[in-house]
Amino acid sequence: MAIPLTYNLRSLKARWTSTVVAVLGIAGTVGVFVAMLSLARGFKATLVASGSAQNAIVRRAGSTSEMESVVTLDQARVIEDAPGVERGSAGPLVSPEVVVVAPFPLKSTGTDANVQVRGVSPKALSVRNSVRITAGRFFQPGLNELVVGGNVTRSYVGFELGKTVRFGGGSWTVVGVFEAGGSAFDSELWCDAHVLNQVYQRPRNIFQAVTVRLTSPEALTGFKDALTSDPRVTVQVDREVDYYEKQSRQLTTLITVLGAIVAVVMGIGAVFGALNTMYSAVAERSREIATMRALGFGTGSVVMSFVFEALCIAFVGGLLGCVAVLPLNGLTTGAMNWQTFSHLAFAFRVTPSLLGSGLMFALLMGLIGGVPPAIRAARQRVVVALREL
Amino acid sequence: MVRIDGNGDESSLVRVRGLNKTYQRGGEEIHVLQGLNLDVDAGEFVAFMGPSGSGKTTLLNLLGGLDLPSAGSITVAGDEITQMSARKLTAWRARHVGFVFQMYNLIPVLTAYQNVELPLLLTGLSTAERRKHVETALAVVGLADRMHSYPRQLSGGQEQRVGIARAIVADPTFLLCDEPTGDLDRKSADEILDLLARLVREHGKTVLMVTHDPLAADRARVVLHLEKGVLVDAVMAGGAR
Amino acid sequence: MKYRHLIFANLLRKKIRTGLTAGSFAAALFLFGILTVVRGAFHQGVEVAGADRLVVVNKISIIQPLPLSYRDRLLRIPGVTQATFANWFGGVYQDERNFFPQFAIDREGYRQMYPEFVVSDGQWQAFLADREGGMVGEGLAERFKWKLGDRIPIQGTIFPGTWEFNIRGIYRGKRREDDTTQFWFRWDYLDERKAFQKGFVGWYVVRIANPDDGVRVVKAIDEEFANSPWETKTDTEKAFAASWVKQMGNIQFLILTIGGVVFFTLLLVTGNTMAIAVRERVRELAVLKAIGLSDRFVLILVMTETMIVALVGGGIGLALAKLFTLRGDPTRGLLPFFYLPPDAIVLGFVLALAVGLMSGILPAVSAMRLRVVDALRRV
């Protein structure tokens, strides 16, 4: 029969300062762990949300990002006619695009950050159907008009509806605001690609990439084969989600690596704290332990008993850490996407699986912090401990 | 009947032959027990006395299976405990021994009831059955009305009575008491000794007690002295007490 | 110091506990070291920025180029002593993950503009003589095990095609913080081969005679090129680097938060451990007082023990952090400057001692206040 759990729970309460300290140590570690991973996840999710499984990005073969690619108007026409391209009321759903960066002052610091400006085709909303206009309207082709992502209005100075913005040597009017489902597009300015080319004095009818809406996700293979074997174009075709997933890799790697280091080291510190607490508990209660063993409780029971206490501390600590971090969910912060040098706003993403990992991490720490002292408790010489004053 | 010459028969409850116990202390060997013999019948009340360091507690620990001798044998109710594995010994202890300690050794975070119940958790009894035994034990020691108090809420004498209740609750083969009155004032000590004597007289328990206190020893039926590693001087108090 | 036996005896009495507490300090200070290094890596650009250098980029966007003709016009501006230029190449070597910066540089002016990068005259001449010459930093050469004379193929992305270069020189940095992970080749070769933006460079770097003159020269440069098709935005190198860091988000805030959480937790853990230790030793401390050692002695005794644990633990943590940085950048190219400077190490020790002090003070004071009579009576 096991030592009653009441004994363990009451003992934890009796030494409550030590218990609280150990709990806080674990809570802090779990909190930081979950926070950092949710940061990485949030960043990745933002970029991945930008891609649709049904869309493809066509760029010049060999380019690592949109900015480094070149696609001419003629090539764009070839792409339009390829098999698998969805057709809407206005024709094939393709959007030849140009991406540049332009500096604007952040509301938070007042200093400039680079914002991604995307010149798109008027059909862009049909190609990217997760994007919705939430205020105003879409731009009219041929005019210096802008539709801005929700995050841009929120993060930068002077992007309210109706305002005039100067960049690229031209004046633009903000005519609409869109929301793009928490993706990278939320941090972009959209305008007519032709107008952008003009203003930036780029050669006419040269774009960087073409985004295509396919008839179905499976249509990608046919579409891709047709284009890569076509002698008129030298392109690479990627599913949009894959493209964005690769883009996020650098910063995600950095945050994850850093987060892992921090969490492990803090975890070690927390385990040390838990060990200290448990060892002290064992020392303080050595007479009680010896008495129970004298009464006939075996070493197994003693070990289980102390491990249970450690796990209790760990579980409560883990729970506390998770709860503390929960409010971060949805909190937006900003960072630079190193692939495009543009500022990207994204939100912490605290998922249930992350919370689960946090709890498991806590229990692991509890186990490591509980087993050695438990073994020591079980190994004590009963005779000696009984007489200890 | 209590013998120390090693000539008792199998009818004894406790049979000890040639018990040796040696300690290492900083390089030196200390022979605490040297060839000790003992026979104790059921229903006896024996007191062990002797100077400090004579090995009284060591003897008690060996009899209770808390320690193993360097040589010799101990048989209790037919079981040779010196041959048992640690695990078997633990189980044996739960079944056969009731310990009473000088410092009571109650678990501070458990109530009197829960402390007394502890040994019963090692048996297969149901909650209801356990309750019956605990309430009986506490009634015997006269603390039925304090069963939900914590040790810190009890006086020294009351704590020791809880200790005794715990020792008898599982109906063990014998009680081993290590200086049970050592920490008590005269009045409480007397009450405890009365209780122990009553357990022997009315309930037929076997009590082996180590003590410094000559008045405590007086209450026992047999007093044995531990000198130079063996028991000497069996004083039979006869029927006078 | 004659009491050092007493101090060490106490510390070694419960080796595991002392070890664990020291270990907590080590963990916390190791983290402190790593976080300092990461912060330093992000700020490296700001640290190494030349006080007398300005950066001139296209005002519209950093990815837009500037005409080559601007160089002479820049040199004519009062206060400017030198001008050079470069282009970002952004190619891929073998695998996209093998990131390192590649610049097409002005072969005439670049070397004098950056005196912190040192290369022998012989190697530099060889570089000038070879159209396809490449100059690499020693950190980069070390990473890929390149030697002089190796032919390195790089896939162009902005400027398409396979570009091959011969390593003609390996430069090193004067200071520990200087970036030796760069790859330079000749801009005239780039201009020759590229299909577009001919006659255009990425950005200019100018040196000014007097660093205090910076504000005036910045204005003068931007005015010179205002209302032209390629307007400029000029900044001191330091400001340029700093704005880059700002864009990288609230790294500073993140680091401070983590640091705060860690230290607070450490404080709690060690404080509690010290308190427990004092409680256990109540008897002996009382005996010391009974013998005649003063209250103050007991206070200092407990404090000294705490500080020793803090110092030893903290020292181990910082040493481990330093060792970790010697392995180089764990993110493969994102943090080229992975170094723990001496003043950070000193700060680490100070923090460890501060935590030791704060966590030890309460138990030490309670030890000091202990009344012998009470303590010896306690069982």
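Order as written gives the chain letters A, B and C; numbering starts at 1 within each chain.
As a working rule, a contact is a pair of C-beta atoms (placed from the backbone, for glycine too) under 8 Å apart; a residue touches a chain by one contact, two chains touch by 3 or more.
In this text the structure is predicted, and so the values were computed from the model without any measurement.
Colleague: By count of C-beta pairs in contact, what is the leading chain pair?
Modeller: Summing C-beta contacts for every pairing gives the maximum at A-C.
Colleague: Find the chain most remote from chain B, comparing centres computed as mean CA coordinates.
Modeller: C
Colleague: Mind checking the centre-to-centre distance between chain B and chain C? Centres are C-alpha means, answer in whole Å.
Modeller: That pair's centroid distance is 70 Å.
Colleague: Could you state the distance in Å from the CA-based centre of chain A to that of chain B?
Modeller: Inter-chain centre distance comes to 66 Å.
Colleague: Where the centres are mean C-alpha positions, what is the separation of chain A from chain C, in Å?
Modeller: 25
Colleague: Residues touching two or more other chains, restricted to chain A: which are they?
Modeller: Correct list: 389.
Colleague: Can you list the chain A residues touching chain C in their complex?
Modeller: Against chain C, the touching part of chain A is residues 17-18, 21-22, 24-25, 28-29, 31-32, 39, 60, 62-65, 67-68, 100-103, 109, 111-114, 167-169, 200-201, 203, 246, 250, 253-254, 257-258, 261-262, 265-266, 268-270, 272-273, 275-277, 279-280, 283, 333-336, 338, 341, 343, 389.
Colleague: Please give the residue numbers of chain B that touch chain A in the complex, ascending.
Modeller: Chain B residues touching chain A: 57, 61, 64, 66-67, 86-87, 90-91, 93-95, 99, 101, 103, 105, 107-110, 114, 118-119, 121-123, 166.
Colleague: For the complex, give me every residue of chain A touching chain B.
Modeller: Per the stated touch rule, the residues are 1-4, 6-7, 10-11, 13-14, 287-288, 290-299, 382-383, 386-387, 389.
Colleague: Mind listing the chain C positions that touch chain A in their complex?
Modeller: Touch list, chain C to chain A: 16-17, 20-21, 23-24, 27-28, 30-31, 34-35, 38, 60-64, 90, 92, 96, 99, 155-158, 160, 196, 229, 231, 243-244, 246-250, 254, 258, 261-262, 264-266, 268-269, 271-273, 275-276, 280, 330-331, 334-335, 379.
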